[in-house]
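Report on one structure; see the data block that follows.
Each chain carries a letter (A, B and C) given by its place in the written order, and its residues are counted from 1.
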Amino acid sequence: MNKTIRRKNLLKVSGIAVGVLALSSTLLVAPSQAAPATGSPIKVGVLTDMTGAFAIVGKSNKAVAQFTIDEINKSGGVLGHKLVMDLADGGSAPDVATQAASRLVNQDHVSMVVGGVASFTRVAVRGVIATRGKTLYVWPASYEGNECTNNVWNTGSAPNQQVDPTVKYLLAQGKKTFFLAGSDYLYPRNILARVRQDVLAGGGSIVGEEYVPLDMTDASNLTSKVVAANADALFEVVVLPGTAPFIKGVVDAGYKGTIAGTLFDEGINPLIGTEAQGLIGVQDYYGPIKDAFSQSEVAKFNAQHPEAKGLFTSTFNAPAWYRSIYLWKAAVEKAGSFDTAKVNKAMDSVSLSKSIGGPVGFAPGTKHLKLSMYLGQSNGDGSETVLKSLGQISPYQCSAATN
Amino acid sequence: MKRRMRIGIAVVCAVPILSPLLFLSGNDYLIQAATRIFIYGILVLSVEMCWGQTGIFTFGQAAFFGFGGYFAGYMAKNENITDLGVLLLIALVAGVIAGTLIALFLFSGKRVGELYVALVTLAISYVCEKLANSWTFVGSGNGIPGIPFPTIFGKEISSSIALFFIAFGLFAVSMIICILIIDSQFGLAINAVRDDEERAEFFGYNRSLIQIIIFIFSAVLASIAGALFSLSEGFISPSSLGLTLSTSTVLWVVLGGKGTFYGPMIALAILESVDVEMQRALPSLWRILVGLMLLLTMIFLPKGLMSLGEKSRNKREQKKTT
Amino acid sequence: MKLLQVVGISKNFGSLAALKDVSIHVESNEIVGLIGPNGSGKSTLLHTICGRTIATSGSVLLSGKELVTSNPMVRAKSGMAIKFQLARIYVEKTVSENIMLSLQSKDGIWSLIRSASSKKFIPKIEELISEFQLSDYANTKAKFLSHGQQQWLEIAMAMASNPSILLLDEPTAGMSPKERADTAKLIKRASEKCGVLIVEHDLDFIKDLCDRITVLHYGSVISSGTPKEIENDPKVKEVYLTRV
């Protein structure tokens, strides 16, 4: 009696174990993809953060990707293939993002992956996608530089493209002393290192450099340091949520110098409010740039998204997302194939004569773009005034492959 | 042989028999997902041993997970130590050191409350995440990317299937060790500490030493799991030390039923399997649903999903006695 | 040398003096009763003996060893065993496991980890559960036992550790008369192996059982002697008559 009960238990338990495993696999299994047949749709992996801290950026990224893919499909697709968007949520966390990236590459067998919002996502997924996954990865964000991994292509601005012209402008305005402030992580530190280099080379001096925790919301301590130093210019890379309280605090405390940074545009200015008046920065796109192509494309985009004003902004990487997919298209057409190795080779020298923000193209050997950049000044109502069109600026060089 | 051990052996045998089905699909993503479930499985085991079996409410177990991950990842990437055995040993030592320091702080003195332990461990996990986030030596916010694959006898282990079996093997060994502990005389003692630690002292048990041993043991398990994570995923980042992973682990344990041994692991396997697909199907709803499930479980099934089975077993037992 | 010698124990909770210079002793194979109305301090005294609370001053000697500031673990290892007023057994464990928990408690932790087999304990477990009328429930979880059976299980657990002194806090609370009589027999038998100190507020139950009785009132000993002497002591009568 006792024995039969035991055996029953064992059976039941093995049943449960098998069931769990089977369930796990059936829920995960999706038909795997073979090499593309003629005319069959091509999957474009779109990796962005639809949930978590960067969900607001993810919303813009997804919309821009869909807009771009639709546009390409309308004009005949790529090498006769239609594109379909394969969206994966990075969850604003690197471990979620790697899993999502693995699904795109290993299960859905996408042709390429574009995406990532924060640098920690890029460094986490590039192994899964580009190195182990041998799939092309386009990183469409303005970032801290130094990304030179094979199969990875940077379509956002590198530090020098934003910083050099900004500092040059400030020095030309007669600013001699600079105060540097940023959030305490890689991006601000690298940007401010470039600022320091440019300022000292241009004969200016640094009177203070401060870093604050990423999640700082009470800026009073930093504000008083900035005001006390009374530098001619403040270069700041304090990221959200600290940006608005910091700038408001500095302006309201009566700081008379010029405030410059890498993160001001129509997306961020409204958060700062009227204190945004006079902020200086350089971006690859502003709403009012005098470029007919950009104007008509963004108008089309906005017409499709009437509900969300300000979805297409440079700080959400919208122009970079747009050109990423077009640059990849150009490389595929140049290579005449979707094969990663061939496309990777072709990427090195592709360019677009028309793109949102102006003409762009890879500077061969750098893995970064020659970008059309603009000097902008923020207005109190959140809009931007373009002070100067800077033309195409070369990226910094990828010195050596890093991982 | 006790029931728990029979199930354990059944699972250990079933996986290698069934896993070829997984490999035949040729889908690396699925294999990697299963690998991750086994790695997190070791982490869940460590919390089950601590909280479920000994009553030590460790809410910050990810701190040890990340600690092991960072140590192994750093050594593999920057010191060119890629031998899997050596790296796991490094993680083991790191786990022992970190576990001992915290265990001595928590348990060497008077009895402390469950909530106190939870808050201290949670705080440690939080602080570790913050620290890793701002410390350039370990890559600050970006963590350590590009960690090379481990090697065994100088041979690189890079195939998903090999990594799957390494993760499964370590999981199986950890699980069997945990079962042996629970079914031993010592297991009876740790349960006694869980159910009534003061009473255990009155029987002459060294409550503090028992808690310290189990805490260190579970820190080592978590640390080894973390090392395995960083080696198989090729990166480790501050989020692997922090609150999100710590609370996910507690969530799996609560949903499955703490103290039921297999419950937490079943909850992990189910939730992790469907997580990516559900996230895709219901992007804004899924997390809320998980939260809701947790809430409902805590209200209606405070001992987790496994307690459903337990209830009927208890009824049978009661019938037998009356 | 006396087995358990409690000398001049005082215990203050803030400004409240719960115990004032209380002395009591127990010899081997002797059953000593400690009675007094609620709030007389008898539970507090038991707690200072077993280590649940630490006495403000005084001395607790077990076979000559000073334990007054020791923690419960040290006292247990020195030969004390206690049964609490509300049975504190492990309800989720079986009767055998409960007994085993007590049997193995004196083994060092390292030997517990090493030894997977509990076979050596089986004869002792069987002996104890039959002595405490629990043989039919060896593999039943303790939570399914009746109230009285749970009390016996706890006494059995206390005896399993082979104590030199057994402390019992109201062992018959909530029991039926039949169970009380059985319990008395069990205690009597236990006293063949060790000294027993029983805390009760029911004088009738322990006057037949105890060799000597000490009466506490407002934290002080008001009387001490054989059950007969206690029964006839006018001070005790006064306390009990006015109280009950």
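Note that in this section contacts are C-beta pairs under 8 Å (C-beta built on N, C-alpha and C of every residue); 3 or more make two chains touch, one makes a residue touch a chain.
Given the structure is predicted, the values throughout are model-derived calculations rather than measurements.
> When you draw the chains as points and link the ones that touch, which shape shows up: line, ring, star, complete, or other?
Its topology is that of a line.
> Indicate, using Cα centroids, the chain positioned nearest the centre of all protein chains shown.
That would be chain B.
> Which chain pair shows the largest tally of C-beta contacts?
Maximum number of inter-chain contact pairs occurs for A-B.
> Taking the mean of the C-alpha atoms as each chain's centre, how many Å separate chain A from chain C?
It comes to 72 Å between the two C-alpha centres.
> Can you give the whole-Å distance between the Cα centres of chain B and chain C?
42
> From the C-alpha centre of chain A to that of chain B, how far is it in Å?
Going by mean C-alpha positions, chain A sits 34 Å from chain B.
> In the complex formed with chain C, which residues of chain B make contact?
180-181, 183-186, 188-189, 191-192, 195-196, 198-207, 209-210, 213, 314, 317-318, 320-321
> Considering the complex alone, what residue numbers of chain C touch chain B?
Residue list for chain C touching chain B: 50-52, 71-73, 76-77, 81-82, 84, 88, 90-93, 97, 100-102, 104-107, 109, 112-113, 115-116, 118, 137, 140-141, 144, 157, 161.
> Tell me, which parts of chain B touch chain A in their complex?
3, 6-7, 10-11, 14-15, 18, 21-22, 25-30, 32-34, 36-37, 130, 133-134, 136, 139-143, 145-146, 158, 233-235, 237-240, 244-245, 266, 269-270, 273-274, 276-277, 279-280, 283-284, 287
> Given the complex with chain B, which residues does chain A contribute to the contact?
9-10, 13-14, 16-18, 20-25, 27-29, 32, 50-51, 87-89, 91, 93-95, 98-100, 102-103, 105-107, 118-120, 123-124, 126-128, 131-132, 184-186, 189, 213-214, 403
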